[in-house]
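You will see chain A twice below: alongside chain B first, and alongside chain C after that.
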Partner chain A sequence: MSRILTLATALLMGLMLAAGASAKTLKVALVLPGPITDGTFNSAAHKGIKAAEKKYDIKVSIRENTKFAEIESVMRNYAKDGYDVIIGHGFQFGEPAKKLHKQFPKTWFVVNTSFVAAAPNLASFDNRWGDAGYVAGAVAALVSKKGIIGHIGGIPVPVIKAYNEGFKRGAQRMKPGIKVLSAYVGSFSDVAKAKEITRSMIERGADVVTATGNESVLGTLQAAKEAKVMAIGTAFDSAAFAPDTIVTTALVKMDVNIDMAIGLIVKGKLKPKNYVLGFNENGLGLAPFRKFESKLSAADKAKIRQLIADIKAGKIKDLP
Partner chain B sequence: MRSIQFIANLPAPWRVAAIAFAGALLISALLLAAGFSPLQALFVLIEQSLGNGNGLSEVVVRSVPLTLAGLGIAVAFRARVFNVGADGQIIFGAIGFVGFSLALPGLSGWVLLPLSMVAAIVGGGLWGGIAGVLRARYNANEIIVTIMLTYVAFQALGWAIRGPLQESAQIFPRSDAVPDGVLLGTMIEGTRLHWGLAIALLAVAATYVALRYTSFGFRLDAVGENPLAARFSGIRDRTMIALSLTISGGLAGLAGAVEIAGVHGRLQDAFAEGTGITAIAVALLARLNPLFIPLTALMFAVLSVGASGLQRQLGIPFPLVHIVEAIVILAFVIAGALQNADRGVRDA
Partner chain C sequence: MLDDIFFVGLLASTFRFATPIMFAALGEAVSQRAGVLNVGLEGIMLVGAFLAALGAWWTGTPWGGLVLAVAGGAAMGALHAFISITLRADQIISGIALIVLGLGISGYGYRMTLGGMSPPPSIPSFSPMEFWGLSDLPFVGPIFFGQHILVYMALAGAVLLHFFLYRSRWGLDVRAIGQSPVAADAVGIRVQGTRYATVIFGGAMAAMGGAYLSTAQLSGFVENMVSGRGFIAIACVVFGRWSPLGAMAAALFFGMADAAQIRLQSLNPDIPFQFFVMFPYVLAVVALVFMAKSSRMPAALGVPFQPPR
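And now, the complex of A and B:
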């Protein structure tokens, strides 16, 4: 078996070499703020780049755990190394990308979760996090028994604020008068602090929690798992981490953004503009309920389906 | 233990070679175990740092704070005072610099920049000075005090950028950008090479002259060689000890300011991570001679810049990159410490 594989690989490489003469392999750098194992924001990006790697003729370098202070030098080094595409995954990459993009006209700079597009070579992608929060809030309100739910955000960047607001409004829509708690960790990566805040929310009576951020989200999922309280994941389907407590995940499909960005560049069609992806563009979604399938009533499930259909049809007017 | 004794008893060049060989062996084994080729890693490390213009300019940029902090450490070590808390002093220098320049944004850069630099030196100097006074007055172990003060400084930085100095947008844990007037411009367009290099070289010259040609330098060495003898010959040894840590902290504070003014433009977490610790190796390897410090700083900058290239080019995960870096630094520290032991530096 393995010999066949080796042979196949060798053949494939031969073919690629032959093809290489005509089409140039695109060098793509993905610069991440956290580890690819955070079960949310960075995991989603990793999934996207892996999918793109299979689909297109690209060579990928991934830089994890990029601290604020390092962003500029990391992006500059990739540009100097001749990378064709540099993807900054997060709002904080917007400013350094704006500073750098004109110095490297041959490189495409792509920034996720921000609005920084600028001619000629800086595009940005954003998902409608507010809509994701809205659906998460609706689900939380429907499954909550005590009528208290909570969101723990990493750092209040625009997309996380939007999610927070959507979470409140979606919950109110399903159960007017429901109590929605919210708090920010002040860090994307502080697992312990996120866990502590989540625990205090649970002590205040919250029986459904959700979180946005990087590893900080793990803190919330852990606290919920330990206290046997329901949780709603964000961005990346990480139900396997705590199948008994994770009800579902408000998917923010940044894998689709990344795939789309690279696809457009390959075709030479990417424009220096802000792309915004919602449910209609497959940029958002809701993960399966799995173990909670039987715990939600058919009526509630129908309400959620209807809500998503209404969002798609533009019928919901109080989306953040 | 016996093998360490064995290495320590070797003649100097052999000893360094033995340590280097052991370090290289360890690194190769680690890389091989993780499935990477050590030779390729070495090649990439050198190519990324010395093989192109960008790498070279990044190396020089990295060497600037290492030089300044290394000078500070050398000054204290000359008095046999071990400042292992330069990282904390760098932070307080940066806080002084950013706090001062943001408080008086109306002033022209020609006035504000030097004043803010002075604020940074005072900030770092105070932080070093605390340890200095505790050592001189109460004979508190300066190694422990400077380490502990560094932890305090890390927390103070975290508080400053989430509290009083947080950006007006109140989103990220970082300060507002400092006024343009206090930024050190780039020396070569398209690189990050900034005028902090000139400041560092001036500091090298000033420190060299102060240590070599002034009575201050002589008194410092006298206290370092034998504090009691120095005291009986009329040198105020305690004052010298407190002063050495204050100056040491001041230079580290300047390193922090230059890093902000030249590279980051604002206060944020981890803006000069690990600089203070690496600077110890820089100073030891330069045998505490200010003139050699920029050279050893460049060596460690090559390592630091090249190592980050390992991750980009070969996908070697960061923890492994940091381990490799740490092994090299450790090997140099051991070599440096053994060298200094020959000269009779007191046991730490």
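And now, the complex of A and C:
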């Protein structure tokens, strides 16, 4: 009797071990700086993780509204809880990840919009925000009638600065001498202040505006909608929010970053390096013009298509 | 560049920046005068902003939203009152709990209701006033006659509350309780009841500040939209030396500093933006240095009262 029991136990344990080895569900944590409802930076990441959840055998935990001071402890707790992948969504996650990654060698740390990769387990993904800004600036310059356009940034972290610079240069390329206003909110979430800044630019004559940040972007869109001026969206296609205002969106495809990171980890092929995604890597894009399709001339649309083709071919020399 | 467009825009924007802070600061001034500190204004404003958007959508008018916001703010004030007055717990801890609670309730509530709708619902909001065309007057029109009705309510509220605190019997009671609840109790003033009333009032006012953000300045709720205005409001109470007119002036001062910095920023792209963003706060520190000496803090602020029974 006891021998049978021992045998059964041994068999059972063997089965359990085998099951554990063959189908290990990856535990993935996505740590966001803002809420998933911001219609831009965080919404884009949320879309990406939801798609990945369907595609791969992963269990996802999402932490929203993570303040600067909390980042390190949030990431540390996920690592302690045995998460296999921790994705920090934003430049500000870079330094804490650098500090932590060596202490948790079994966990992959992935940071978006930064350049902090380090062996053996810290990878970073960056999109060419400067190129996105360049195209947004070009579109804004082409649709502007008054020759004044504006960018309202959240906090000037490197990707937002790059977008700002690209926006200026892209606009100058299409219409030399165009006036480009620029100001920062000093916060990613202060939607009312972003709206006030946008209003002040519209008072100054701006008739096309664009914004980068988190919730702050909604303030710019609302000000543009009320004043009946045009806006260029960023990162996430939220045209439904203001279909008569948003000309197009300079897409920054965070969902592609996240899919790529998780896909590579599942295959065991992620390297501790900086992955940079541009138009060629499907990390950037331009949303359809929709209601503005008929308002843009065929020549202007051709110019925009040509510009993107030139960026892909590496022919544009003044990209930030 | 410092032309008419600049100054008209600046002054009109000053009132818009100042109003949400002013509502919260006026309510806080009254409750601090009665001796109860509420550092949770930020959370109450968030709940107010959310409920105003929800109520406006529900009833089809921003006034419905305002009523719901005031009710919610009063409820949060009552919670703070219960914890800090009846249970005599630490007021700062209770206030911090309100901040976290407000963030959670507003964010979760929003996603359960408006945030989950596709396409996003349009929220009825207050239109700017016109005063029979006066808002079209050059220069003064947009500044004084083209604001939302809540702006005028906040300014009128400051005057009324000033009168209430310094010229009425109830105001005298409130001030007495804030100075010495024991003495006030000895002469027959209902200390606990009055404190409850002021804290509930403070919550309702903070919620109106939130309602201004979501149904006047913007139309619609956005998570975290209060963005620190609740803390600035507490600072305004101190700068205003615990008087309603002082709190109003402090809120306008902050509003103007912000309205100026966002304009100067885009006119001076070569100066680092941090300089402009910190500008209102630098002014605050400087003002505090000069005013610290003559501070008139209520003597019993933050001290729970134990009725001698």
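The rule is short, and it goes like this: the second predicted complex is superposed on the first by the 299 of 320 C-alpha atoms of A that agree within 3 Å, B and C clash if a C-alpha of one lies under 4 Å from a C-alpha of the other, contacts with A are read in each partner's own complex, and residues count from 1 in each chain.
As a working rule, a residue touches a chain if its C-beta (ideal position, glycine included) is under 8 Å from a C-beta of that chain, and two chains touch if they have at least 3 such contacts.
Only a predicted model underlies this, so the values are computations on that prediction, with no experimental measurement involved.
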item	value
Fit or clash between chain C and chain B when superposed on chain A	clash
First (chain B), second (chain C), both or neither touched by A:Phe68	first
Partner chain(s) touched by A:Gly219 [first = chain B, second = chain C, both, neither]	second
First, second, both or neither for A:Val191, with chain B first and chain C second	second
Touching partner for A:Asn274 - first (chain B), second (chain C), both, neither	neither
Contacts of A:Arg204 with chain B and chain C, given as first, second, both or neither	second
Chain B versus chain C as contact partner of A:Ser182, first or second or both or neither	second
Touching partner for A:Pro156 - first (chain B), second (chain C), both, neither	both
Which of chain B and chain C A:Lys80 touches, first, second, both or neither	first
Superposition-derived comparison: chain B or chain C, residues of chain A touched	C
Partner chain(s) touched by A:Gln172 [first = chain B, second = chain C, both, neither]	neither
Intersection of the chain A residues that touch chain B with those that touch chain C	65, 156, 186-187
List of chain A residues in touch with chain B within their complex	29, 61-65, 67-70, 73-74, 76-78, 80-81, 92, 103, 155-157, 186-187
For the chain A and chain C complex, residues of the former touching the latter	34-35, 37-38, 65, 150, 156, 181-184, 186-187, 189-193, 195-197, 199-201, 203-204, 215, 218-219, 222, 240-241
Touching residues on chain C, where the partner in the complex is chain A	5, 9, 13, 16-17, 20, 103, 107, 110-111, 115, 118-120, 213, 217-220, 222-225, 227-228, 258-259, 262-263, 265-266, 269, 273-274, 277
Residues of chain B touching chain A in the complex	52, 54, 58, 162, 170-174, 190, 192, 263-264, 268-271, 273, 308-309, 311-313, 315, 317-318
